[in-house]
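What follows is a single structure, and I will ask about it in a moment.
Think of it as A, B, C and D in the order they're written, each chain with its own count starting at 1.
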C-alpha cells in the first residue's frame, strides 16, 4: 500500500468509527501501519472527523515515535498505538474509542465476559481489563505505559492478541485491533455490542455462566483460521 | 410465486431486518420457501445487505440441502432454516437475527415472559428458550442440530409453532417465522421489542406476574384466527 | 373546525406519534372530536401511517359509536376513546400508544411517580395505573371496559383529567389526552419520557422520594392556568 | 463580538443542543454574554428551535434583568442564567437542558461521580448536586434562587466553576457553562454522556471507586491550563 493509500484508509476508518456510533466529540482514533517502511498513519490530535483529509494524517516512525511526515501533531494517544504495534507483530491497525458500554466495563474494572455466540464469532475469550497504572506511570510516560499495561495482558496474562483482538484499559476505555483497518474497525464495533449484550444479560441473570467452551470454539473457528467456512471464499 | 419473485422478496426481507435495527454487521438472515418446488431461497453467507441482488440468492432443496441454483454459498445457518421448514409444515419464511435484547434473554437462558398485550397481540405464550446443545452436537452437525433443539420445543415441549412463531437458542439468539416473509419479519421485530419490554418491566418489578390468561387470549384472538376483528378485512 | 380539517389534523397527529418514536408497527392511534357535531375522527384499524389520507379517517358518533362517515373500519380501540370523551367533557383529543417505558410501568402495574420538574411541568400528580379488568369484562365489552377502568381512576380515584392528562392501563399501556391534538400528542411524548426518567432514577436510587409538593405545584402552574407565565402570550 | 454576532451564536447553540439529543420539546436554553456591554442574549420562552432567528433573541441587562432589546419574552429560566453570570466572572455562556441521565441523577439527588478518563477530560471533580430549594424560595424568587443554590456549591461547597463547569439542581436537572458557547455546549454534551456512563458503571459494579486522583488530574490537565498538550496549538 502506498503512503497515500494508507492515509486515505486511515481517514475513512476514523470516519467509520464515528458513523458506527462509537465516538462522541473527538473521543477516538484509528491508525494503521506499513511494516515495510516502518511507518504508522494516525489521526491528528483534536481535529474534527468530517474535516479530515489524507494530507493531514501524520506519518510516525514506529521505531522511535518521530513524525516522519505531516504538519499536524499526531493523536495524544500515539505512544499507546506504537507500543501495540511493537508488541503485536501481526497487528496492522489499531482503533481506540470511548464507546459507551466498553467504557462502563473499563470503569467497573470488569472484563467483558464471553456469554454467547455473538461474542465468540469475533473474540475467543473474555475481553480482558488491564491493571491500573501506578502513579509514577501516570505522571511519567503515561501514554506509553497505557500501551504497556495492555501488552502485559498478552505477554504475561495468558491472552493471545490474534484470537483476542481487544482489551479494556482500567478506568479509561477500549482498544481494538486487527490485521488491517477493516478488521480493527469491525472488532471495535463488536467489542462495544458484546459489552452492551453482557451488560443486559448480567442484569437479567446476575452471575450467569460463560458460554460453553465447545460452543465458543465452534463459532470462533467457523469464522477464523484454517477450518473457517463462513462467508464466500 | 415465481422463483424470481421469491428471490426478490428474500432480498427485501433481508434489507428490512437491517433497517428495523435487528442486525449489526452481517448478523442475520431471512429465507422463504416455495413448497411446490420444494426450494428455499436464503441470503448468501457474509454478503453485505446493501449489495444483495435477487440473482445472488441461492435456491436450496428443502429435502437434502443441496444448492439447486445460484453461485454463492448460502448462509452458514442454512441447515437450521431447513430443519424448521421440515418440522413446521405451515411455515413459509424464517428470520434469524442477533437482535439485542432477544440475545440477552438467550444468553441468560430465560424465556421471554408474556407480560402484557403487546406480547399477546403476536405471541400466545412465553417465547421459549432451547436446551443447550450437547458437545457432540456442537462438534457434529452443529447448524442442523440448532434447528433440532428448536423443533424439540414444539414437538416435545408443549408449544405450537403457529401461535408461538419464534424461539431463542440458548447462548445464541432468536429465530422467528411465519406463513410468509411479511409475518416472519414482523414477528422478529415484535420478538425483539417484547424482549426489551420484558427486560425493563422485570427491572422495575422483579418477579412480576405473567399477564392474565384471559387478557392474553382476548388480544391474540382479536388479531388471529377465525374470530379476528383487527385491521380491515 | 370543519370535518375535513378535523380529519387532516387526525392524519398529522397519527404521523407525529410515529415520528416521535412512540409507535412501532401499527401500535398506536390518535383521535379528536368535534363537540358541536358530536363526532369523533379516529385512525382506521391496521392501516399504515404513511399511507393515511384524510378521506380514510372514519367519523364515529360519540353517542352510540356508529360510523357516520367513511368506508374503513375505525381502530379496534374506538370504544375506549369514546368512553374517555364521554367521561371527560373538556377533552378534545386522545392518543393511545405502546410507547416503551410507559408499557413497562403498565406491565409492572406501577404508577409513574412524579420525581422532578420535567414531570411536574405537564402532570401535576403521579400518572396512575388502572386496576386489572375482570375476566367477564375482558370476555365481554373489552374495549369499552378498558375506557371504564381509566375513567374510574378519575371519578372514584381522586384524580382530575385536566391536570393529570394520562393514565396507564394495567398489563397494557398508556393513554394520554388534552384539549386538542397538539396537547394530547405532547402529553403522550412527555408521559413516555417521564416514565423513562422515573425508570432510571429508581434504578439509581430505589425508593427515591417524590419531588417536593411545593416544587411540583410551582412548575405545573408556571405553565398551566390563570397564573401561567411560560411561553409567549 | 457585535450584538448581531452574539445573537446568531445563541441561535446556533440552541439548535446544537437539540441536534445533540439533549433537548425534547422546548426543554432547554442556551445564553451568552457580552461583558463589555453588560448584556446577555438568551432563547425566548417557548419558541420552537427550528423557527429561531437572531432578531428574536432578547438581550437582557445582567445587572438588573431588564430586557434591553427584543420583543419576545426571554426564557423563563432567565433569572437563573443571570445569577450564574454574576457569580462566575469568567463564564461567557450557560446551557440548561433536561438531558435524560443528568436529570435522573438530579432526581436521585446524587452527584455524577468521576469514574474514568472520559469524565476527567472535561470535569476535574464529581459534578455536584444542589440542596433542595426551601418552600419560601420556591414560592418566592424561584428562578433566581435556583441560580443561588448552584452558586452556593461553588462559594461554600469547595467547588471551582472553571474546572467543574456544570452542576445538577436537585429534583430538576443540569446546568453547564464555559468561557464561550462552544465550550458550554460541549460541557453539556459531556455532562450527559458521563452521567450515562456513571449510571451503567454503577449498575455493573455498585459502590465502584472513584477514578484514581492522579489519573484524573493527568487527563484534565492534558487538555486544560498551561501544561495542556491535547489538540493542535
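Please note the rule applied: contacts are C-beta pairs under 8 Å (C-beta built on N, C-alpha and C of every residue); 3 or more make two chains touch, one makes a residue touch a chain.
From a predicted model like this one, the values you see are computed outputs, not experimental measurements.
Among the remaining chains, not one touches chain B and also chain C. Although chain C and chain D share one sequence, what matters here is the overlap of their interface residues, and that overlap falls short of half of the numbers used. Chain A and chain C have Cα centroids separated by 47 Å. In whole angstrom, the spacing between the mean C-alpha positions of chain A and chain D is 33. Of all residues in chain B, those touching 2 or more other chains are 203, listed in ascending order. Under the touch rule stated earlier, the contacting chain pairs are A-B, A-D, B-C, C-D.
Across the interface of their complex, chain C is touched by residues 24-25, 27, 44-47, 72-73, 76, 98, 100-101, 103-110, 132-133, 135, 138-139, 142, 171-173, 199, 202-203 of chain D. Contact residues on chain C toward chain D in their complex (touch as defined above): 115-118, 121, 186, 189-190, 193, 196-197, 200-201, 203-205, 208, 211-212, 214-215, 218, 222, 229-233.
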